[in-house]
Amino acid sequence: MIEWIATILMVVGTAFILVSSIGLARLPDFYTRMHGPTKAATLGVGFILGAASLHFTAATDHFSIRELLAIAFIFITAPVGAHMLAKAGRAKGLPFDKNTTIEK
Amino acid sequence: MIGLIWIILLPMLAAMVAPLWPKRWRNAPGWWATAVSASVVALLASFGPSIHKGEPVRFSLPWPAPEFGVQLALGADGWGWGFALVVAGIGTLICLYAVHYLSDKEPRGRFFAYLLLFEGAMLGVVLSSNLLFLVVFWELTSVASFLLIGFWHQQERARYGAYKALLITGIGGLGLLAGVVMLYLAMGTFDLYELIARADEVQAHPWFVPILVLILLGVFTKSAQFPFHFWLPDAMTAPTPVSAYLHSATMVKAGVFLLGRIHPIFRGREEWFWIVTTVGMATMLLGAYAAVRKTDLKALLAYSTISQLGLITMLYGFGTHTAALAATFHIFNHAAFKAGLFLVVGIVDHETGTRDKRRLGGLAKAMPITMVICGACALASAGVPLLNGFLSKELFYTEMVEVGTRGWVWMIWPALAIGGSIFTFVYSMEVFHGVFFGQLRMHDTHQEHAPHKPHDPGWGMLVPAGLLATVCVLVGLWPGVLEGWLLKPAVWAVWQQVFDFHVVIWHGFTTPLILSILTMVAGVVLYLQRHRLGQVQERFAWSFTAHTIYDGALNGLIGSTDWLTNKLQNGRLRQYLWWAAATLVAAMLYAAAPVLGTILPSQFTTISGWETVLLLLLIAAAVGVVWRNGERLSAVITVGSVGLLISGLYLVMSAPDLALTQLLVESVTIILFLFVLWRLPQEAPKSSPRRHRASDAVLSIAFGGLICLLVLGVSASKQLWALPEYFTQTSLPEAGGRNIVNVILVDFRGFDTLGEITVLGIAALGAFALLRLRNGKERDR
Amino acid sequence: MLGHLMINVFLALLWCLLVEEFSGKQFLLGYLVGAGLMFVLRRLLGETCYFHKLKVLVKLIGVFVYDLVVANLQVALLICRPRLRIRPALFHLPLELESDAAITTLANMISLTPGTLTVDVTPDRRCLVIHALDVADLEDTKRSIKERFERPLRELEQ
Amino acid sequence: MNAHLPVLPIVWPLATAVLLLFCRGRVGLQRVISLVSLLGLIVAEVLFLQRMLTGEIAVYKLGAWPAPFGIVLMADRLSAVMLLLASVTALAAIWYAFGDQSLGEARERHHFHPLMQFILMGVNGAFLTGDIFNLFVWYEVMLLSSYCLITLGGGARQLRAGIPYLAVNLFGSTIFLSAVGLLYGVTGSLNMAHLSLITPGLEGTAAAVMQATGLMLMVVFGIKAAVFPLYFWLPDGYPAPPAAISAFFGGVATKVGVYSMIRVGTLVFGGQTALLGEVLMAVGALSMLIGVWGAVCQTEIRRLLSFHVVSQIGYLVFALGLFTEAGLAAAVFYMLHYTIVKCSLFLIAGVMERISGQNNLKKMGGLMETAPVLATLFFIGGLSLAGLPPWSGFFAKFVVIVAGFQERQYLYTFVAVVTGFFTLFSMMKIWHLAFWGEKKGPHERPWRLGYLSVLLLVSFSVTLAVWFKPVNNFARQAAAQLLDTQAYVRAVLGEGATATTLPAANKEAR
Amino acid sequence: MELLMALAVGTLFGTGLYLCLRRRTFQLVLGMVLLSHGANLLILNMGRIRRGLPPLVTDGVTEYTDPLVQALILTAIVIGFGVTAFLLVLSMRSYQENGDDSVNIEQEEQPH
Amino acid sequence: MTQTVANYCLVVVAFSMILCFWRLWRGPSIADRALALDTLAVNLVSVIALMSILFGTTAYFDALLVIAVIGFLGTVAVGKYLLKGDIID
């Protein structure tokens, strides 16, 4: 049972990661590219880690919190990093995609 | 006999003391040196009786390396003893002379230290019967002469002369060393007497010719034989006593002395005969001819010395009884009269302030005693009867005549000999008659040197010269004494056999006597016509001399080496690394070449897709770094990715600890990179020229490829032995750790870790010092 | 408010540390213990009705997670479409929050929910600069953000 | 105590260094400490040498782990004497440093003394270790401290010169590491004695890889020892730091490379030395000539001496390349002579620079009048280097030449002789440019006590000459010992060890 | 697997050398970093390829990868780090003192 | 069963890593590269997680945590560098 959940989580997470990378590769300008990794990837990793922790809890019925810590950590840090980079990009005046609507 | 060693040690030890005399007693070193030399003479004299009886005095000490046959072995047979006597005797006179010759400003202590050092070394040369020790002392004499020639080192010419002398004799010395070593390896001994005893073995040995050539190289350089003669005239920049002592009486004789010593070993071989005689003859003629041209009296004497040495060499070349006798005899005679002449020239220089024969003349009235002394010596060298020079000249002619009778072609020898002697007569006359007779010419611009009207010097300078002159006369009148005590033992020792001979002044109207008379007549005529002779010589003067060759060679050497060095040592890191890498590639290629075909492992471990991707990405990233190395920040980021991938790889290869460490190190490195990057020039570096990049690329690819092949080769081959089992088994039970890697680090190979930590610490220290210290000063914060 | 949450979580972790077992049970236990502790010491902490706010907080988190998943799917669709048809926008979101902690949290939440990304905070700290991946109507987007995240946060704040 | 003597030369300097770090900033104290500890170390090493004279091979198993599993230190005659040499040289350098303005208090305050101790530690480790990876570690310790010392004080020129020095040596270290790795990959062991058992058994690919590894290692050691195509970093690097430092480098650093060549060449690759010998001899001859030619045209004194380092190393490598007992003995003797003389010459050069305030010979001159004692010392040292009698150099060259002739290597031996001549040439160039001639500028009085270190070294050189017989015997014995690899195997692995099995006795070592 | 591994090692060495041969200290450091990576990876290959068997003694498991190799690499990594750090600082200081970041001894024609 | 799935997932993640690397290569701006690096790190984390499932060992989790930290640090460092230049302030 748990195995099933783990597997599903794993697949979903992988999917998210894939999506984020595609986004990173495909999207037109820096700011749009930011979107993929900062969340899709984060979520994906979250899922996969969850899967791992579940898996090992099932395997050795001893629930280790390290994965959870990792998840928490990633969830906290990812946006900060993204924020930092975005700020940097803006400071460096990286161009926006042409059909971006910029509100004053 | 133990006394023998003291003959050498005494002067050397005294030399160390000489500079220590207090400055106030300015003459102390001089007297000290004189006393020491005198006592050496006495010591030598004490061996006289046994020598006379024909039994040599031996002394040997198993030091420093008998197993190499290298041991201090001294032997005073007639030859060595006689020569030693000359060395010490003339040494004494020279010291006495020098005391009065040197001005007060000179550092006398140093001078006499050098002089004594030389004396000791020279005595060593003549007394040691172990060839290697002979070489050792031989080199020492070169060194001492270097120091003495350069005594007035403020003068450029003195330095030049000293340097030249050392280099030429140095080459010779090395040659001699090589020859002697080969002789040792061929014969298994350095012992002179044993070698003489086994002469035929030596001559039979395949190495004979190289040995001969090398040893002769030493001899000829030392005795200023053509074509190595040119250092001697430059050596005349030394103080006159030195010239008299080293460069006419003793040191330059070391060469011919050695000839005398070893010619029993080599005698009789064609090579020996031709090389030695021709070189000797050439030297004799050249020296005599050049001597006449010289206007500086010392230079004149220098060339005359060269020619006389040539004569002696030639005689040894013939290797007959008479020749040996003549040579030996002439060595002693020449030592006497030539040293005397030098001292006289020294006096003249001292009194009048010039040595230029064109500026001198008619000094006879001014300084009669000097004139008399000079007369004795000069005539002796000219070969005038009733003087010692005449006797040896006679013997020389006898030998020549003997050679001449061998056939028409051989007549060339006497002819040339006479020619040489005529010139000898001429320059001797110039020294004597030219300087002391004719109208009084005394150079005027040098007045300050000779404020007073020139007159005979103090006894201190006269006595030595006088004594030498007296010797010339006495030997000339009663040769028997010398013959009995010096000559016979010497010649017999040289020949290692006893044969009878008599040196007499008158033995009827023989060809030699006629030749001598002929020589003298021709000499007088030529001397009277000397101005015309001069013009002739000027016409045939050639500008291309040995000196030019020497200077050219020297400059050439400096220039070429400079060029080469700048090519290699051009301060460009690229070249340095390139060479290193190229060498490495060559080495690896050489080693790996034979197995290149079979280097692939038979079967591979299976690889799953994602691992492939990981590895490919790694490769791509590495290439990417090169690609992006222009844009520095990107390069840093790419390197970061490399690090990430590698740590991933570590995990794949099941090495979590490695991955951890790698990551930590990586991140710190990156941060350091960024920290430094901000302080480095921002703009992209201009790339190196295309051909550089091309060759580098080729090299790098070859390098990487070879490494890759080697790695494959390893995975193809099986380990003969494996440590891991031991570690896996013992780590828990014996070292009590579950993490085997950690156990190895802290326990099995704890020492590595110690070193590793030390390295980190050192790096920290160094970086700290680098940041704090600027140009050896602390940076003010 | 958030400070307290942090304290509580910290206490929980501390508990795990003390019992030397990083497991969910212990964490939960520790959390409760910590809560109790804080309840006892609430005077000292100078804070009221933490536990009421806890409810709000839980609700907020729920909303957040929901958005996270849903929006992620949207973005996924957006990205994976064979032909990209996106309408990015950069806009300012006026703030009513005061405390830094709150603003940071909001910013992070916005960043984490797909489609929107906090680029910057205006120097006067009255506006967030937000970049959105695909907006049909700016005002709509802004309102939804304020509705779903900022209000609960403001509640938690005072 | 006696049992732990082998590890002392490594641990003692480390302890001293740490102690020195604790009292940083107090130069006086540091000086005292480093002096005292060095003296103590020297005493210990003399005792050790005495013990080694019996021909024993001292083995020290760290942590008492049986070989080849743990790290093993092993010492024989050669290593013992090298240890002593290193310490003596260091002593001379440090003592000289006290009065050397060019070094200056600031440098001393910034860890000059600890760094010297560290480098000594590294050098000693390299001399002692019997484990090839451990050798790498000690090399790193040595090199890193040498990097620090080279750049210590951070003058513009120093830093510039430091970079190529670093780069080339770093490259070398990487290769070293890889070579060790490959070695392990092929043989599965790191212990030198053990390797000497395994290597002959290899065939096919493994043998080829092995040979490649051997050559790689030789290249690495060649880089450290600065032989012909790999020496370029040296003449730029060594003159840069203050005299005291370059003296220690010139004396010891390069010898470590040669020592490793001897050690690894004889022990690990004892099997296939034929090719190695050929290569080494050729390389040696080239180094002699190129090095000395480089020296001939220099006018910057310490740069000139640095070039001589290269040419002298050539002699060593040539003698080593003979791989006969005589050759090795010659190499050992030469190493003794030349370590001392070179160090003393560097120190003298330092004094000369100090007196005349110049480092260019053309601008010196008249030093003979200012410093006659120094002149005498230089004269002895210089002639000794040039191989003129009666000093150690003459005998050193003598043994080398004899060994060369015995092996019928006429060409190379001839080169050796000629090199001697060129050496004389350049030494006398120094003499007559710097010591003779008119003064070319104001001369200041040197720190007379600094002469003591030079005196010490020069007297050593003279001693070598006077006691040539015993020293040479020692060298021969050392050489014989080096060639008897079985002895090492017995000492390290125990009686009856083979490539695949270890004696039980060894297993129970713990 | 071996093939690609070896290839990776080779690439790291090659690229590292190439970068070391360039003329800026910065590139030199990059090269050195790559080289040391390469060396470490090479050693890793020496203990043959075993996946999923980390050398942590766990009951019931008898197969582990070669732990010695890992120990060696660990030492190497740390040493390499120390050297790299020093080299970085040195290059910085050299630039500050000499006004250019060339790796050569003599001053550049036009300093950067 | 989980293992096999994990294997496939790994392939997928590897593919996405390729994409990241492509971005890293293309740039165009430094920020893009930094972003790519960050993503690469995140992907690596998931790779490790999957790997540990695949090999059934928990030994790798520490590494995993560290990578998470490092990725973040790296991003921050570069970001700071881009913003201020000097990263030590």
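A, B, C, D, E and F label the chains in the order they appear, each numbered from 1.
Operating definition for what follows: a residue touches a chain if its C-beta (ideal position, glycine included) is under 8 Å from a C-beta of that chain, and two chains touch if they have at least 3 such contacts.
Computed from a predicted structure; not experimentally measured.
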For chain B and chain D, chains touching each: E
A-C or D-E, whichever has more C-beta pairs in contact: A-C
Chain whose Cα centroid lies nearest the overall Cα centroid: D
Centroid spacing, where centroids are CA-atom means, of chain A and chain F in whole angstrom: 10
Chain centre separation in whole Å, for chain D relative to chain C (CA means): 66
Rounded Å distance, chain B centre to chain C centre (Cα mean): 90
Distance from chain F to chain E - Cα centre to Cα centre, in angstrom: 21
Junction residues of chain B - those touching two or more other chains: 571, 573, 577, 581, 652, 654, 656, 677, 707, 711, 714-715, 722-723, 727, 748-749, 752, 755-756, 759, 762-763, 766, 770, 774-775
Per-residue multi-chain contacts in chain F, two or more chains: 13, 15, 17, 30, 34, 36, 55-57, 59-60, 62, 78
Multi-partner residues of chain A (each touching 2 or more other chains): 15, 22, 34, 36, 42, 64, 66, 69, 78, 80, 87
Inter-chain touch pairs (all): A-C, A-F, B-D, B-E, B-F, D-E, E-F
Chain D-touching residues of chain B, taken from the complex the two chains share: 19, 63-68, 70, 110, 132, 135-137, 139-140, 143, 146, 150, 153-154, 159, 162-163, 166-167, 170-171, 173-174, 177-178, 181-182, 184-185, 557-558, 561-562, 564-565, 568-569, 571, 573, 575-577, 579-584, 587-588, 590-592, 594-595, 598-599, 707, 710-711, 713-723, 726-727, 730, 734, 747-752, 754-756, 758-759, 762-763, 765-766, 768-770, 772-778
Contact footprint of chain B on chain F as seen in their complex: 7, 10-11, 13-15, 17-18, 21, 24-25, 27, 30, 33-34, 36-37, 40-41, 44, 47-48, 51, 55, 57, 59-60, 62-63, 66-67, 70, 73-74, 77-78, 81, 85-88
Residues on chain C engaged by chain A in the complex (per definition of touch): 16, 22-25, 27, 68-69, 72, 75-76, 79-80, 84, 86-92, 107-108, 111-115, 117-120, 129, 131, 133, 135, 138
Partner chain B, residues of chain D touching it in the complex: 14, 21, 62-63, 65, 68-71, 104, 106-107, 109-111, 114-115, 118, 121-122, 125, 129, 133-134, 137-138, 140-141, 144-145, 147-148, 151-156, 163-164, 167-168, 171-172, 175, 178, 182, 185-190, 194, 198, 201-202, 204-206, 208-209, 211-216, 218-219, 222-223, 229-230, 232-233, 235-236, 290, 293-294, 296-298, 307, 368, 372, 383, 388-390, 394-395, 398-399, 401-402, 405-406, 414, 417-418, 420-421, 424-425, 428, 432, 436-438, 465-469, 472-473, 499-500, 510
Of all residues in chain E, those that touch chain F in their complex: 51-52, 54, 56
